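Order of writing sets the chain letters: A, B, C and D. Residues in each chain are counted from 1.
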Amino acid sequence: MFTTPKPSDSLPDRSIYERRESIVRSYARSMPRQFNRAEGVWMHDDQGGRYLDFLSGCSTLNYGHNHPILKQALLDYIAADGIAHGLDLHTDAKQAFLDTFEQVILKPRDLDYRVMFTGPTGTNAVEAAIKLARKVTGREMVIAFTNGFHGMTLGALACTGNATKRGGAGVPLSHVSHEPYDGYYGPDVDTADLLEQRLADPSSGLDAPAAILVETVQGEGGLNAASPEWLRRIAEIAKAHGALLIVDDIQAGCGRTGNFFSFEDMGFTPDIVTMAKSLSGMGLPFALTLLKPEHDQWLPGEHNGTFRGNNHAFVTATAALRHFWSTDGFAADVRRRSDLLGSRLQRIADTYGFGMRGRGMMRGINVESGDLASAVTSACFDDGLIIETSGAHDEVIKVLAPLVIDDAVLSAGLDILETRIRDAMGADHAANQAIAAE
Amino acid sequence: MFTTPKPSDSLPDRSIYERRESIVRSYARSMPRQFNRAEGVWMHDDQGGRYLDFLSGCSTLNYGHNHPILKQALLDYIAADGIAHGLDLHTDAKQAFLDTFEQVILKPRDLDYRVMFTGPTGTNAVEAAIKLARKVTGREMVIAFTNGFHGMTLGALACTGNATKRGGAGVPLSHVSHEPYDGYYGPDVDTADLLEQRLADPSSGLDAPAAILVETVQGEGGLNAASPEWLRRIAEIAKAHGALLIVDDIQAGCGRTGNFFSFEDMGFTPDIVTMAKSLSGMGLPFALTLLKPEHDQWLPGEHNGTFRGNNHAFVTATAALRHFWSTDGFAADVRRRSDLLGSRLQRIADTYGFGMRGRGMMRGINVESGDLASAVTSACFDDGLIIETSGAHDEVIKVLAPLVIDDAVLSAGLDILETRIRDAMGADHAANQAIAAE
Amino acid sequence: MFTTPKPSDSLPDRSIYERRESIVRSYARSMPRQFNRAEGVWMHDDQGGRYLDFLSGCSTLNYGHNHPILKQALLDYIAADGIAHGLDLHTDAKQAFLDTFEQVILKPRDLDYRVMFTGPTGTNAVEAAIKLARKVTGREMVIAFTNGFHGMTLGALACTGNATKRGGAGVPLSHVSHEPYDGYYGPDVDTADLLEQRLADPSSGLDAPAAILVETVQGEGGLNAASPEWLRRIAEIAKAHGALLIVDDIQAGCGRTGNFFSFEDMGFTPDIVTMAKSLSGMGLPFALTLLKPEHDQWLPGEHNGTFRGNNHAFVTATAALRHFWSTDGFAADVRRRSDLLGSRLQRIADTYGFGMRGRGMMRGINVESGDLASAVTSACFDDGLIIETSGAHDEVIKVLAPLVIDDAVLSAGLDILETRIRDAMGADHAANQAIAAE
Amino acid sequence: MFTTPKPSDSLPDRSIYERRESIVRSYARSMPRQFNRAEGVWMHDDQGGRYLDFLSGCSTLNYGHNHPILKQALLDYIAADGIAHGLDLHTDAKQAFLDTFEQVILKPRDLDYRVMFTGPTGTNAVEAAIKLARKVTGREMVIAFTNGFHGMTLGALACTGNATKRGGAGVPLSHVSHEPYDGYYGPDVDTADLLEQRLADPSSGLDAPAAILVETVQGEGGLNAASPEWLRRIAEIAKAHGALLIVDDIQAGCGRTGNFFSFEDMGFTPDIVTMAKSLSGMGLPFALTLLKPEHDQWLPGEHNGTFRGNNHAFVTATAALRHFWSTDGFAADVRRRSDLLGSRLQRIADTYGFGMRGRGMMRGINVESGDLASAVTSACFDDGLIIETSGAHDEVIKVLAPLVIDDAVLSAGLDILETRIRDAMGADHAANQAIAAE
């Protein structure tokens, strides 16, 4: 099933990367292979290696690599000289996407959003969202949360918690206040209460917010999953204080948590939703910002960009929506598989007194040490499993398998993970168990 | 040659756009058609209309729509299940791009740059560039220029001159000072002198800059083309004052001015170059930031993003570099055609006492009135010519034809433009001529 | 004892204020008299009224109005043509102040501070303090606290919590984060823990601070008094995270809490202390910033100002230090009187289930309603007692009597306060008592 | 006339300054004496030295030191227990000041301003002014000028040009753009034209300003005097673009240029005027912001401060207004003396090919070298003349004598200056003259 030939002396010359690619590169460091082909849950390297993908482009490949239906739709479109690039002109591909999004996603959920095609990156969708919230409210300050991750451009970066990323700005990041996320101060402190108190207090120093920007599960920040109750409170607080509620569903959306949107069935409706990653279904750059019609107060072109709307992505996104979301089958299957994943991870975590994090198909194990997590994921990679970490200290081993993964393959991947955790914990844990048993 | 059926009552239902697309859309307003196919210099709408493209996706389609060589390379790649998305992992497609970029672009020009794959939008490349300049210099202020356009995310937007775009921020845009571009105060004032005086004066209030960010031709700002002398002065000033020189070559690069980079043969080398738009050759989202090895001081992942590197774009970009830039033929042809365009536009401009703007295949006529320019481009569109305006008041009619256009087709397009300007000027101009002749 | 003639029809013309004084004026609204003379604890108006001063210029007149010793020193100095203004030149008056401050204040407390003579306002001392902390640490963010008050100029205002004051800025106030003060979330939440957790978390979004700026008692923010334990924790946190600890002792210093500095005997030493208000002893504008020699990294004149150092204030401040602080008698007397004040206020507060706030001679009663507090202080004023409110909602009635007040006069003033609270609570409270008794 | 004993070995111990005064001190470095008495134009040190004051506290002592009439008024006030400090309560002293200011200053000049008593420093008056302009206009950006000096607190510092002062902030200074002052680019460039062009251009990157903040003569920035024509243009530009015109008259006001306000008779009326320095007449801390009634949109207490209004300063300021400004005699005398000063300085300047700067009694010689200027002023001090430099490179020797100086004493001081310039230029200049004569 897994083939992982070790790098040999006869490898092709790879010096071009040292010579010509900026050292800012990151994933290529922990997965030092050259990949050349991928389908479904598998990636192949140019030495004949085959890897199971538990990373999925950080949730960009929820439907796997090169899904045959999406792939065929794209091949047909290109072959027919479909518009590849047309700025924001109307195209058949755009109309098909909008029609499908309305029919398959919005109507069944009784959601009334307009779609803003931003530049095709998540950070651009976030920038558009906070711009709009500031414009609509006439306020400047945005509330984001500890461990939140929203992008690398200056507006989105100000909303991001990570100190290394923030440090890259080279200027102070302003007009944002980071408040504690659900559970940040432990189970006894309701951080929604804290936020509410400060916003209600005219002397707290916390300015009236234009928006509250929140992820329902913090994909980069350690797979912290907020409770529906807390999220509902945050939605109420936003409303009470005249702020727009922005749900950044870039990583948690598109089915990752078991529904198309991660906030479905929670009893609140965000004012703005940002989407990207798995939206195109095939990994193509594509992002959008959903907004309520009453907030659609943009001037024409007030936020623009060359690649807003990517017609190839319209095509694959439309195919994905039709194939996976026209009926409830796929979502139900994801939820069933989520339970499988959850119970399996919980069992592993319990063995070592670790905590499981996340929800749906967006889960991980907090092994409480970045070094340990890194040792485990590195060992997994040696076994042909692509898996990464998350969290402030990279202490959470994160399972982001494609949602379409077979149960058996999922199990095989989790077997590797379980083994490698056992190996890493081995000596110490056996010793501890022995002591505990005395 | 041109077929432009008027919208009829039997048009398909287009209400989806009103209902579901944000009013922020812009180009679709002045070109209210639904396009469904394009090849070379032609776009087709779903009513059988055929349009000559003098906009080229704002210089994103320098090689035309769906160039057959690029298209075939992409079809082959997708059909073979080539990696579509792999975060920033090494792939065959990435290596091929880097190898080709080194061999075809860097080496012949004796340029030693590293390539940073940013998020696939120009604004992201600019954000990365100014971050890096701030990091390398430890300074915060960036000098940009009047009428400069660099993107819509908060860091790049602060560098953009346009008041409407800036107003969209909803927060004050800081850490940037806009200085007058070449010729801004007319031919008698050397704005490089002004800048130098202020930077040399410790009491001018202009803080020491991290970077000077400049376009050699201002694509959105009115097709102002800086002189080589002025640009060289700016490069010297940057060096003398410890600032990095960033050339934003997003619109003017990739052959638009007759060379791959717009600053070739000018006697200076930028510290950083930002590229996007025509880089993929087929209109796919792709951007990069070129930087000198000594400035490659990033931490791994310090500026990251889901779609940094777009493998489909690697494939088409590589094909484009090989096809168009392996020999001098294409560039020479572009330069020859630029002269054609230039002399023709100059003649039209002279007829009415207007000024020609720009250089290379990036030129226009300043008709000194946004209303006039809009009337002309709108009339051109009725004749099947897609053409847009530029400038602070949209007063410059901008010709951005694909570089691969046949001379005859170029002439046919310019015929339409000339006719429509004559029509618009008609009565008034005849009257003026008569008065002048008395 | 108190004489408070009501305004009569024969009052002198006061229309000049309406005509020529900006409506920004505040205290003159709640105390609409024209004062012309004051000595000790008494103020006199021009209609023969006499008022007991429980406001003391917001703790600027700790030694009362026109203390005879200070007054005589100033008269002698002026009569002898002592330097009134000399920029920051050395003068006999400055040397005498520095000598005395060293001998009487620093040495006995084993404190090694240098004195920076800032512009003669508290806000200027705060601006100097945060500038220095930013310079010394190379960081930009300052931590201030909920309900903190530090001044009205832009740097100090960013540290101030009050929304109305902040709103006056007209620009976003940046580079400061407001954290919850001691007790802000009630007795069960240790806010020092919260702060420590966020600073230790590299993904919290809270940037590394240049300084932590704290008042030991929040004079404007509702007379919240931090516990010594909490302040010690804050000092430890500052040290652990490389931030300078700034104690803003502008209102709480100069004996108000029973010692010269409000943080004495608490087991920590601030890196920087700001002082103003009662420093001159006679109400003259005077402020200074105390800093540790190792942090004295200013360039000459890097923070300057016309009135830095006010020689008249040097004279009165020197006289005050010698008279009140050369022995322990005054401080002991203040502490004794503080107990008297405390037990009396506690008794009043208990009667109505209110809470007492503050410590030393800086106490008040939280009547939990701004309207009620205002009604009480207004009624007190009718009885000849000058008294004001504090807090986010002006809900704390604040007693800031001169420290030199006679016990009998203090009691007489408190009698008025007690009576007026009883009157205001009257009907309601009687009713409530009756219900409670059933 | 001048007595300047050199420091001897038997000097009193001055080590307190090294030990206890921050190294931020500045003037005390170039004038290392201890002063103990001053009257009129003379300062005395504690070793019997007597110095002629050509600095006047940077124009804070326009009426000289301890003017007998002002001094007596203050002595009487203090002796009678006049209110020294009363926050912003109404007092006899305040009313007298307002009445006098209205009668003596505003009415004769037909000016309709309201008076805002800010904290008693120039920087506070500037902070209040720009806050108000931002509030009234709803805009954030303020235009200030090259070489402008407006204060050290963060809002005013952002408006200040000097790089060393700006560097002290430790944070980027935002929301201000520095534009070239009159003559900044030499006589051939009208900088008002440049400003107008950029403000009229929606793509210049210069945001719409809340205010234009200007000094009519730049006291710290090199005694640059703007022409009435330029100032009128600036006033027109402000009006045309919806910005408030703020004249910072802190150094140039109170008679320094020959009228009470420096902008009188120029054909425009500022919207806001800031005043401080010589306002009290005796060097006491006092500042105010004048504003038009229609802009008096403050909330009560929105900008407040402990020492707003300084009653001692009200007393001396009132006496000064009455004595010096009730008739035209003083102003006429100042103008006459200004001509004397001007012709004398021009002659000295001409001798060496230097330029004279400034106007009224606010003039200097640009010796084009900070080292030379410093050598001259230092030599003057040895002769008993207190004189300082100004300008970006401290290259302007600045004469700021008290306005009340006798002609003979003024001449005596200028004799010293002339001699010391001749000494410093001596050898070089003789050589140059010889060469020129060949």
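Keep this in mind: a contact is a pair of C-beta atoms (placed from the backbone, for glycine too) under 8 Å apart; a residue touches a chain by one contact, two chains touch by 3 or more.
For clarity, every value in this text was computed on a predicted model and none was experimentally measured.
Colleague: A-C or C-D: which has the larger count of contacting C-beta pairs?
Modeller: C-D
Colleague: Going by C-alpha centroids, which chain is farthest from chain A? Tell me that one.
Modeller: D
Colleague: Find the geometric centre of each of chain B and chain C from their Cα atoms only, then give the gap between the two centres in Å, rounded to an integer.
Modeller: Chain centroid spacing, chain B to chain C, equals 59 Å.
Colleague: Using mean CA coordinates as chain centres, what's the gap between chain A and chain C in Å?
Modeller: 50
Colleague: How many angstrom lie between the centres of chain C and chain D, each centre taken as the mean Cα position?
Modeller: 32
Colleague: Would you pick out the residues of chain A that each touch at least 2 other chains?
Modeller: 140, 164, 171-172, 174-175
Colleague: Spell out the residues on chain C that touch chain D in their complex, using ranges where they run on.
Modeller: 14, 16-17, 19-29, 31-39, 43, 46, 55, 57-58, 60-61, 65-66, 71, 74-75, 78-92, 95, 98-99, 101-102, 106, 113-117, 119-124, 127-128, 130-131, 133-135, 140, 151-156, 158, 164-165, 167-171, 174-175, 210, 250, 276-277, 282-285, 289, 291, 296, 298-307, 310, 312
Colleague: Along chain C, where are the residues that touch chain A in the complex?
Modeller: Where chain C meets chain A, its residues are 140-141, 144-148, 160-164, 166, 172-178, 180, 184-185, 189, 193-194, 197-198, 201-208, 221-222, 391-393.
Colleague: Using the touch rule from the top, collect the residues of chain D that touch chain A in their complex.
Modeller: Of all residues in chain D, those touching chain A are 171-172.
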